[in-house]
Structure formats: structure tokens, C-alpha cells
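What follows is chain A paired twice: with chain B in the first complex and chain C in the second.
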Partner chain A sequence: MSGADRLSQAAFKFKALHNAKNSAEFAQIIKIDSQYTTTVLRDVWNADGNWNALLTQQGTTAISELSLMHFRASVEFCQGNFVEAYACQLSSYQAFLRAFSNMDRWGVHPLLAMCKDLYLLACRADYQLTRTEQPASKLEEATRAINQGFSMCMTDREPLLNISRKWGTYHLANLLFALYLRQKAFNMCNSMIRAIKTSELPSLDQFPMGDQVTFRYYRGLLAFQGEQLAAAKRDMVFALEHCHRDAYRNRTRILMRLTPIMMIEGSMPQSRLLRRYPPINELYGGLARAAMLGDLCQFDAIMQDKEQLLVSLGTYTAVEHVRRIAVRQLLYKIYLIDGKSSRLSFQRVRAGFWIAGLGDVSVFEIESILADMVSVGFIKGYLSHEHGVAVLSKQQPFPPIKSVLAASK
Partner chain B sequence: KGATKDKAEQVAATESGQAAQQKLPALSALEEDDEFEEFDVDDWKKGDEDKEDSTAWNDNWDDNDMEDDFSKQLRVELEKVSQPEAMAVSN
Partner chain C sequence: QVEYTSPAPWHNQAYGLPPPQPSFATTPEHSHLVSGSSSTSSLATHLKVKDSAPIGFSNPSNHSSSNDHFTDYGAASGGQRSRSVTRVLSKSISEMSIEEEHGSLAGATWPNSRATQAPLYSAVKLGKIAKKKVAPYAPPPAGKLNGFAKAVSAGGEVKEAEWPLSLKRFVERSFAACSAKMRFVLEKQLKQIIASAKANKKLVTMDWDNRPLPKACNPGVRTIKGIAPAKPASFHADIGELPDDFDSDERKERRLLRFQKEAEAAKQAAYVSSQATMASVPHTGDVLNWDADTIVGTCTKLEKSYLRLTSAPDPAVVRPLPILRQTLDLLKHKWVENSNYTYVCDQFKSLRQDLIVQRITNGFTVEVYEQHARIALETNDLGEYNQCQTQLKQLYTMGLPGHSMEFLAYRILYFLYTRNKSDINTALAAMTATDKQDPAVRHALEVRYAMATGNYFRYFQLYACAPNMGGYLMDNFADRERCSALLKMCRAFRPQLGLAYISQTLAFDTADECAKFLASLNIPILCDGPQPSVDMKAALPYAVAAIQNYEKVDIKGQIY
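This part shows the complex of A and B:
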């Protein structure tokens, strides 16, 4: 059998799978490194000793075009020519989209397989282009292409829900989140979330759990970045509670954002959590311990040490809010040491700060700190500037932290 | 036929393995930590979930007992310093 015949045979296989709506097998063989693909290419090479048959054939239908460009992409991929591989994959994918408009739900699985390969190749193509100092815009292009597939799922008009392409929407959205985030296109993420919200999709909880957890993780991530902490918490907690128990790294990713949110609310990570997730302990463990102790000096030192990491995660501002808890703790300890006197003098606090390694803090600054504590409700009482004291309430002058933070919502 | 098959192996198997793998370190360098990994399965039941982590938070830690080193140090040093009011009165 000549190479050309082998390729025709392969195109026929794609056509047969398409006609049979064989979602699983189609999705499997369309992968750029699938066993089937490798076998076909090996047979072609064995027969001809070159790729001429592949390069000269033309696809006359969407499926035959898809097939040919897929094999070309695979050859380029095997040879490490990622820019060329990407271009072929894009052509293959665009041919697929033409056919996809007439496919129902069965086409979703193959669509996803192609999108993932397109993403992979775009990344590698851009990397290669950057290395050779050329403009690298394949990821951007791939994003637009994948967005087309996403739209075709979300806006499917199929009246029978169980065969609608809508069931692919969230999985594609999750892929797009990854693409957008790589390009720092946060506004695109938010537009997409809004578009989904206003479309007529089945509710999220009807989709596979993998789709739900992933979507809520990303939505929570964006809410966190937009400083919508309550919304972020809802999504992150859901993601954590429903994440597959074996997906350790994904659980860690969730905790990277959830931990500061919980800390801001006065809930500190228990040691069993920190033991289970060393990266979380590494980043937040010391801060949590310092905050609980009221060791402001240590807290500040760690903040400085971890600053770059916290900023790159976008959690620096959140952790700064936890500092207030550390301040409250230190003041509370000074109060306890002085026998719970209802008068807390500024000078006394100043001495305590000095001992705690914070250096010579001015009385003016101490007074500001105490004023802040009173205004947020960590201290119940009032300040007397003339007497240089905070006059504390007889009842619970230092209300429990969690109750204060809960009330402030 | 043997030589051709070797060539085929070279193209299909070795190049695929080597070229693709040579590029793998490059891709992992591009990997963003925020990006969720694909789950091994698409869907699962409650039995595959784990509520442990969502309950591993300490809410009632602020009535601490001052038994730690930091608190002890603070107490010792603070008690050495006379109270300002006491000083003012004695003057």
C-alpha cells in the first residue's frame, strides 16, 4: 500500500468515526501523539521513504482536511518544529469547527482534545519564537480560535438538552481561563464569566464535578483579585471540599488563596493542615504563628522576606490585613501582663512595643494604633489624649477576634 | 526492508520521543502555578472527596495561655519596667 493509500485509509477512518458519532475513539485518535497517528505515519514512511504523499494531498471535505492537517501537524511535532506543527493543528482545528457546527454533544469530546493540543502547540511555538527573537502571538491566536469553539457550545440551539453541545461549555471555559491567565487578560476572564451567567445553560451543579471544581477555583481566583473576598471564599471553599482527594497539587493551589482569606477572618490554619501542605506552611505558617502570638516584629520580618512571593500571588494586601490581628494580640498580652487594668497607658504600650523588638515607636503612633483598634472594634473603650491612656470597657474590652471580624462584614 | 524499517523507527518512534522530550523542560518552565491540572477523572462522587482540609481551621485561638516563649519574655521584661503612673505619683 502506498503512502497516499494509507493516508486515504486514515481519512476514511475519521469519516467512519464521524458518521458513527464515535466520540471516544475520535477524540482519542485526533490527539497529536496518539498511537493510531504514530502507526499511520510509520506506515506512510515505510511505504514511501518520504512525506510527499502527505504534503501533496488535498482535503476535499472538512473531515478529510482535518485528517490531513492533523497528520502534518503530527509529523512537524515529532520533528520539533512547533511553529509549523501549530499552524497545521490550527488548520485541522478550523476544519473540525466547520464539521462541528453540524455535530451535537458527541462532538464535544473531540473538540476538547483538539483545543488542548492547540494550546500545547501554541505555547511551544511561542517559546520557540521567543527564543529566536521573533514576535510570539500564537497563544493569542489560539485563544481566539478556542473561543469560537466555546461559543459554539454555549449558544447551541439544539432543543434536546441531553444531546446539546452546551455540556462542553464549562470545560472549555476552564481551558480559556488558563489561556487568559497566561496572558494576564483578567478582563477577558470576567467577560467570559458574565457571558456564561447570562446565557441559557444548565446550572453549574449539573455538570461533571471536575468542571465544577475547576470553574469555581478560577472564578474564586478572579474574585480574590477583585477583592471580593466573600465571593472568593464561597468558591474556594466549594472547590476545596469537592476537589478529588488525590489531586494534591490542585488542593494546594486552592489553599494558596483560601488561607489568607481565612486568616483575615481570624481563622488560622491548624498544624495538621500545615503539615499536609508544606508549601502553605512555607508561605503562611510563620505569619499565622506570629499573628497568633502577637509577635509583630517577627510578622513584619516574614512579610518582608516573603514579599515578592506574596505580591506575585496577589496575596500581599490580604496578608497586610492580618497584621492588625497581630497588633491586637500584642496589645492584649500587655493588658494581661498588667493585670487587666482598665487603663492602658500609651507609655506602657510603648514599652511593650519596645520590648517586642519594634524599636522606639512614638506616643503619637501608639495613640493612632490604639485609635485604629477602637475604631475596628478590637478594643472596646475610648482614648483620653490628656491622660495618655485608653480607658477600657469593663466588659470584654478585648472581644474575641472572630466575633469582631464577623460583625464587621 | 530492514534499513527502511530502521528509518521508520527513527522517524516515528525516536524523533517523536526525543524531540518531544527535549522540549519538555522548556514547557515546564512556562507552566504557571495557578493553572489547575486536569483531573484524572472527569466526575466523581462524595466518596472521592475529602472534607478534612475545610475543617482544619482554628477559630478559638485568641484566649491563649501566654505559656509560649514570646509571651514569657514579654512578661519578664515588661514587669522590669516601672509603671509610668506609679513614677508620676512618686514624683
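This part shows the complex of A and C:
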């Protein structure tokens, strides 16, 4: 049979699956490089020897246009022209959206497959465009398109919950998070979270675990950005505990944000964790070690070294809070070395700072550092300016770090 | 599913196709995509082999796992269930009661029931569904007034009833000849033409049939870049008749002046358009985006008070660039001589307005905004400062020269004032290494560090030596930091602290100022000893209360 006939046969299959509402198989063949697609394209090629059949046919219904554009996108993808592939995939997606308004829950799975493909093609198209020094706007377009699908899912009016389109909402929300964060549009993320909160979706724990984990990860990330550490910790801990065993990279990503939160609370990452996740070790391992040893010099050096990395992650200011723990450890060492006497003179502290490699710190600055420690609660006692000593309390002048930090919450 | 484990048979030499050659493997992420294909050889070899799946892309094994994962999406669809089950389930929903009125189960028309749909794999002919075609614009039949004429006459002084027939035909012709985009402009022009014809009492006598169509009908007259904008034609030319004193000297001079201006405008437009596209501007021309709407001012008065624009600007009151330069010098002198902020701010705002209206964006604009920002900082007008800072940020990203480092430092200090942590993070991320070496920026970053690590002594040291106008900015939150530092000292120090020590640590100029500050917080100062001192324990509750005042930041900043 000729190429055109093969293509119309393939269009029949799309239409048949659409009529049968065969969600699984439809989603499978609608992927860019599915087996069915390659089979069809190979047959067309063998029959015709060129792609004219693809280029001359016009889709009449939404589904036939969808299938035709899908085949074109696959061809372009295989040839490596991601920009054209993206354009074809976008028109295929628009056609699908037209048909999607009449589908119920069975259309969600194919929609998710198409959105994923659109996202991946947009990334690659932008990469190609930036290499040829053209403005790379495909990702923005894809975001807008996927947003359409997302709102169709979220505002679905179907009264029956088990065939409602709402079950795809969180998956698309996660995809949109990834897109927005790539474009650094945090305000869009926050507005989307608000929109989801006010809409009438089934509760998050009824959705598949994958959706839950990913959504909580992103929500925790945004809370971390907004300096709401308690909410961030709740979400991140859930995500980490329920993340799939084999998803190593995802767990690393969760830990990248969770570790500073735990460190601020005084729980340093264990050696076992640092062994299992070398990226975490590289970022926070040295800092944790320096903080617990009270090595302020090393801590400052590592902070300066890793500044770019931490700033790009958005965790630099959080890690700065850990410095207080390092200062407390250093003072505790000085206290121990002086034989645990209940009077710690400023001059001794000054000498200790000098030996620790921090240079000549003036007495005024020592006093302010000690006042900071006392006011936070790391040191129990008081400072006497006339005598130049810190009078420490008889029991537990240096209370344990975690209890102090927990009490100060 | 068939799983390919070896290269597909069509790669075989026996099929007459060349063996696969590696190509398009310029980047690692693409090399696995198109394994063994050459871009110029037959396209069949481009079809990907299944044994190497790209990262994150579909894989036969992925399919099965994702299928399992997604069964809950497909479970509720009608695809897997038998008809009877579907019917039973659908029947239990209350909405179906509407359908039941129409007949038996077999004839029910549930929206998604498979019973009523066409069976699978039927020989469906793809009928030709006519695509939606936008009807081409057909000119209205002669003599019939369409809505366009209404639009033109609406709001004008000339009523439709007064129009002669030739004028109506003229209006129709012009609307027929112009594109949809230009209709709005055409309406305006037609209104103008008709109003001037009426004013000259030529409405009826003028030969509308032979009059040339208004300018909006011609494509290509109004382009943003490249083509010189035509100066708006004079009042008389639109009428199509020469005025009586056409050849007089006065008119000749005016025409000469007009043509000179047009030539200048053409030169400038050509200069601007020969620059690079807007996207990557190193902006060198004076005016951004010159087009037919840009005006050049003619006013020569140096001072002008600020009035919010409610209509199109009149060139007679707008000052051109050379005058504006003189104005800036004058304002600088005036500010130094007598610090009348309301007057100077007003003048600066009108100066900025003239710049915006004439779309002048160059080093001078930057200078104006910088000066206004500095003056606003000195008088602590944070609203104006913020406006200038936003504009300056845009101008700096366009590549215009100015004191960008100084204003970056101000930006950081402002974020510290508003405690805007997310913006601090983004500012830190956007800074380059060269930015961090500038002394003003370094100072601001050290202030941030001192505040983050709770080192109030270092903070007040930095406060005392702030460069440029940073001190004025830091004044805004100095009291807040003093309160928090005082709180720390009250918690830590016992039994008393000398007033001199407190005033020195909190960077007060004199001990009296410190005393006033403490008195404003109701903290008692004991004068019985050799020096005045403060009882820390007694002062603690006052210090705690003082901090509560600063929990919310003013609306010009961010609400904390």
C-alpha cells in the first residue's frame, strides 16, 4: 500500500482508539517515539521512499490532525530538528485539547503523555535555538499551552468523581512547577499553589503517591524560598520518606533542601547519609564538620568557596544561620580548655579567637558576640562589662544545641 | 509488545540501504538519539533503534511500568469494562434519570456510552469537513451606510445627516481600501478631515469623489523602523486645495523649516534603525523606538512644574534635550543653595516626564534619575527613590553608562531595610565577581553578613562608615537595629552598663542623643554613680516592647 494509505490507516487507529476510549493504548501510541509510530513511519518510508505523504495530507477532524502532526513531529524528532518537531507537537497538542474538552477521565493519561513530550521537545528546541543564537521562547509557549490543559483539568465540571478530569491536576501542576522554576517565575508557582488550594479537588492523599511526593517537594521548595522553614520541613520530610527507593536523583534533590533546614535545627547530617549521597557531602559535609568542630576559619573558607553553588540553590542564607552553632562550639572549646571555670574572661576568648586563626578581634566585638550567644541561649550566664568577664551559670552553662534551638522556635 | 534487541532489519545491507553512519552526535545528549544515521543518506536509517532509549523518554520497559502506574487513570474509562457493567454503573447516577424518560435502556443516550457509538474499525470515510474560512472583506454596496460611517461621525461635530452622498462614498472607499489593523487610525483621520472641511465650509462643495484617500489606506506609510516618518501634513493639505497665500515668504520659510525637520527626523530614524534589534541593544541613539508618534519639544523655559498628562503631549510645552540639560544644572545649583525639596522634586518629576514623552533614553536620562534618587534619599523620600531605582535598573540592563555599582549597593541596603529575603537571594545570585569587588557593594554585602550573623558591633561600625548615600538609607533601619542590639545587651549584661559604652556601641554621635533614644523607649537612666548608666535588668521589658514596634515594615517596603 502507498504511504498515504498507510497514514490513513494509522489515522483510523487513532480514531478507533479515541472512540473506544482506550486510554492506555492511546497514551502509548501518542508518545513521540512510540513503537507504533516508528512502525508506521517505517512502512511509509518503505512504500514511498520519501515523506511527501505526510506533508501533503491535511487533517480534517481534531483526531486526524492530531495523528498527522504527531507523525510529523516524530519524523522531525528522529532527524534532530527539534524546533520543527516542537512546532508540530504543539499543533498536535492544540488539536488534542480541542478533542479533550469532550473526553472525561480517560483522556487524562494521553494528555499527560502529550504534555511531557511537549515539555521535552521545548527544552531541546530551546537548546538548539540558543546554540544558533536565536531568541529561545519555546519554553514559554509550551508553558502557556500546558497551562491550558491544566486549567481544563482543574476546572472540570464533571459531577462523577471517578470519571472526572481532576485526577490529572497534580501531575500537570508538577510539570508546570518544573517549567516555571526553569524560567525562575516563582510568583507563578505561588499563584498556582493558591489556585489549587482554593479549587475543589479531592485531597492530595487520594492522588497517586508519585504525584504527592513531587507536589510536596515543590511546595516545600517554595516554602523554603519564602523562609517558612517549618512548612518546608513538613513537606520535604514527607517527600523524602515516601520517595521511591530507586529514585536516587530525586532523593538527592530533596535532601539538598532538607539538609540546611535540619542543620539550622542543630541536626547535622550523619556520616551514613553523606556516604550515600556524595553531592550532599560535597555541599554540606564540610560545613557540618566545621560547624560541629567549632572551626570558624574553615567554615568561612568553605562558605566562600561554595558560595556560587549555594546561592544558585537558594540555600546560602539558610546555611549562614549555622554559623552560630560553629561559634558556640568554639566558645565551648575555650571554656573546656580553661578548665571549665565559671568565669570566662574576654581576654581569654580573644586569645582563643586569635589561636583559632580569626585574627585580632577587638574586645567590643567579643562582647557583642558573647551577648549574641547569651541572648540566643547558647550560653547561660551574664556578662559583666566592668570586670571584663562572662559569669557562667553553675549548671549547664552551655546547654545542648538542639534543645536551645528547639526552645527558640 | 515487540521488543527490538538488535538493529532493525532495514539497516541490513541486503535491503540496499547504506550501513548506518554516526552523525549528529555533536552533543552527548543527542548521540544516543540518532544512533547510526547520516543526515544526507536515506531517511529510513533515521528511525531510531529501540535498544538505546534516551533519558526520560519512552522505553518499552518504561511503558509497562508507566502502564501499571497509570492504571488508575484508565480504570474509570469505558475501555476495559463490559457494556453491562458500564450500564449498571452509569445507571446509578442521578443525572441519568433525565435520559430514562426518553426510553428503554437499549435506546438510552448516555453521553459516553459505547452502545450508541460506532463500532471499532468500521470503514469510516473521512468526509471533507469544510474548514472555517474567514470571508474576505467585501466592500459594502454603494449608497449603504455601514457601521464605519457611524463610528466616524460619532463623537464628531458633523452629523451623518449633513454628509453629502459623495462623502459617504468616499468614506466607504477609504474603509474598503484600508486593512483591518489601520481602521482605528483611519477613523481618526476621517474625523479630522471631515471636521476641518466643515470648519472651512467646504463639506458640500468639495469634490470627495476625486479626493485622494486618507493616509491610513496606504500600506507601508507607517512603519516603526526604517522609513522616515512623514510629519503630520499641514491643515491645508488635507483639504486638497492650495491656500491663498501659498507662495508668500512666510509660508516658504515655514515649509523650509518643516522640510529641514523632516530631513533631520529621517536621518535620526535611519540612524536608530540601523542599530541592532531591540533584543540585544547596546543602545547608542538618543531616542528609543522612534516612530510617527514621537515628538520633539519646542519649549525653551527652563523651569516647569509637574502636571500629570491626561492627553497627548503638546510640543509647545515640552522641553527639548539641550534645554533639559540646562535645567538639570540649574536644579543641581538650586538644591545645593536652598534645600527646598518640594520644589526640586516637582521640577525633577516634570524633567523626567519630558524625557519619557520624548522617549529620550541615554546617559543623560540615567544622570537625571540618579540625581533625583540621591536627592530623594537625602530627604528620605523612599517612594520617589523606589521609582527612580526601578527605572535605573532597566536603564542599566540596557547598557547605559552610570553609577550602577553605587545603586546596586543601595538596592541591597533597601532589601535589608524591607527584610525582603527572596529578593536578597536573587540579587546575590545575579551578582558577578566584579560586582562584589566594588567598595560600595562590598560594604553593603558586609552589612548583610553582619545582620545575618547577629554581630551588632560590626553592623554599627559599618553604619558609621557607609559610602555615598548609604548612610541615609541605613538611617531608616538604624533604630530598628539599635532596638534589637539593645535587647541583646539587656539580656546579656548585668548589672549596669555605662551610657557612654552604650552610645559608642550603638553608633550615636553624642551621649545626649543616646539618652534621648533611651528616654523615648522609657528606659530609666541612673545618674547616681560617677557616670550615668542603665540598669539592664530593669530595661529588659522596655527593650522587648520596643522590638514589637518593628515587626511590620512600612508600605513602601515589604510587609514582613
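The definition used in the following text is that the second predicted complex is superposed on the first by the 409 of 409 C-alpha atoms of A that agree within 3 Å, B and C clash if a C-alpha of one lies under 4 Å from a C-alpha of the other, contacts with A are read in each partner's own complex, and residues count from 1 in each chain.
Keep in mind that, in the parts below, a residue touches a chain if its C-beta (ideal position, glycine included) is under 8 Å from a C-beta of that chain, and two chains touch if they have at least 3 such contacts.
These numbers were taken from a predicted model, which means no experiment stands behind them.
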Partner chain(s) touched by A:267 [first = chain B, second = chain C, both, neither]: first
Partner chain(s) touched by A:368 [first = chain B, second = chain C, both, neither]: second
First, second, both or neither for A:27, with chain B first and chain C second: second
Which of chain B and chain C A:42 touches, first, second, both or neither: both
Chain B versus chain C as contact partner of A:210, first or second or both or neither: both
Touched partner set for A:79, first chain B, second chain C, both or neither: both
Interface residues of chain A shared between complexes with chain B and chain C: 33, 38, 41-42, 45-46, 78-80, 120, 208, 210
For the chain B and chain A complex, residues of the former touching the latter: 4-5, 7-9, 11-13, 15-16, 19-20, 22-23, 26-27, 30, 32-37, 39-44, 48-51, 53-54, 56-64, 66, 68, 70-71, 73-75, 77-79, 81, 83-85
Chain A - residues contacting chain B, complex: 33, 38, 41-42, 45-46, 49, 77-80, 82, 120, 123-124, 127, 174, 178, 181-182, 208-211, 213-214, 217-218, 221, 237, 240-247, 249-251, 253, 255-256, 262, 266-270, 272-273, 276, 292-295, 298, 329, 332-334, 336-338, 343, 345, 347-348, 351-352, 355-356, 400-402
Interfacial residue positions of chain A with respect to chain C in the complex: 8, 11-12, 15-16, 19-24, 27-28, 31-35, 38, 41-42, 45-46, 50-51, 60-61, 64, 75, 78-80, 104-106, 108-109, 112, 120, 135, 159-160, 162-163, 167-168, 186, 208, 210, 225-227, 311-312, 314, 316-317, 320-321, 323-324, 364-365, 367-372, 374-376, 382-385, 391
Residue numbers on chain C that touch chain A, as the complex places them: 1-2, 8, 10, 24, 30, 33-34, 37, 39, 43-44, 46-48, 50, 56-58, 60, 63, 67, 69-74, 76-79, 93, 95, 112, 114, 117-118, 120-121, 124, 126-129, 279, 421-422, 424-425, 428-429, 449, 452-458, 485, 487-489, 491-495, 497-498, 501, 505
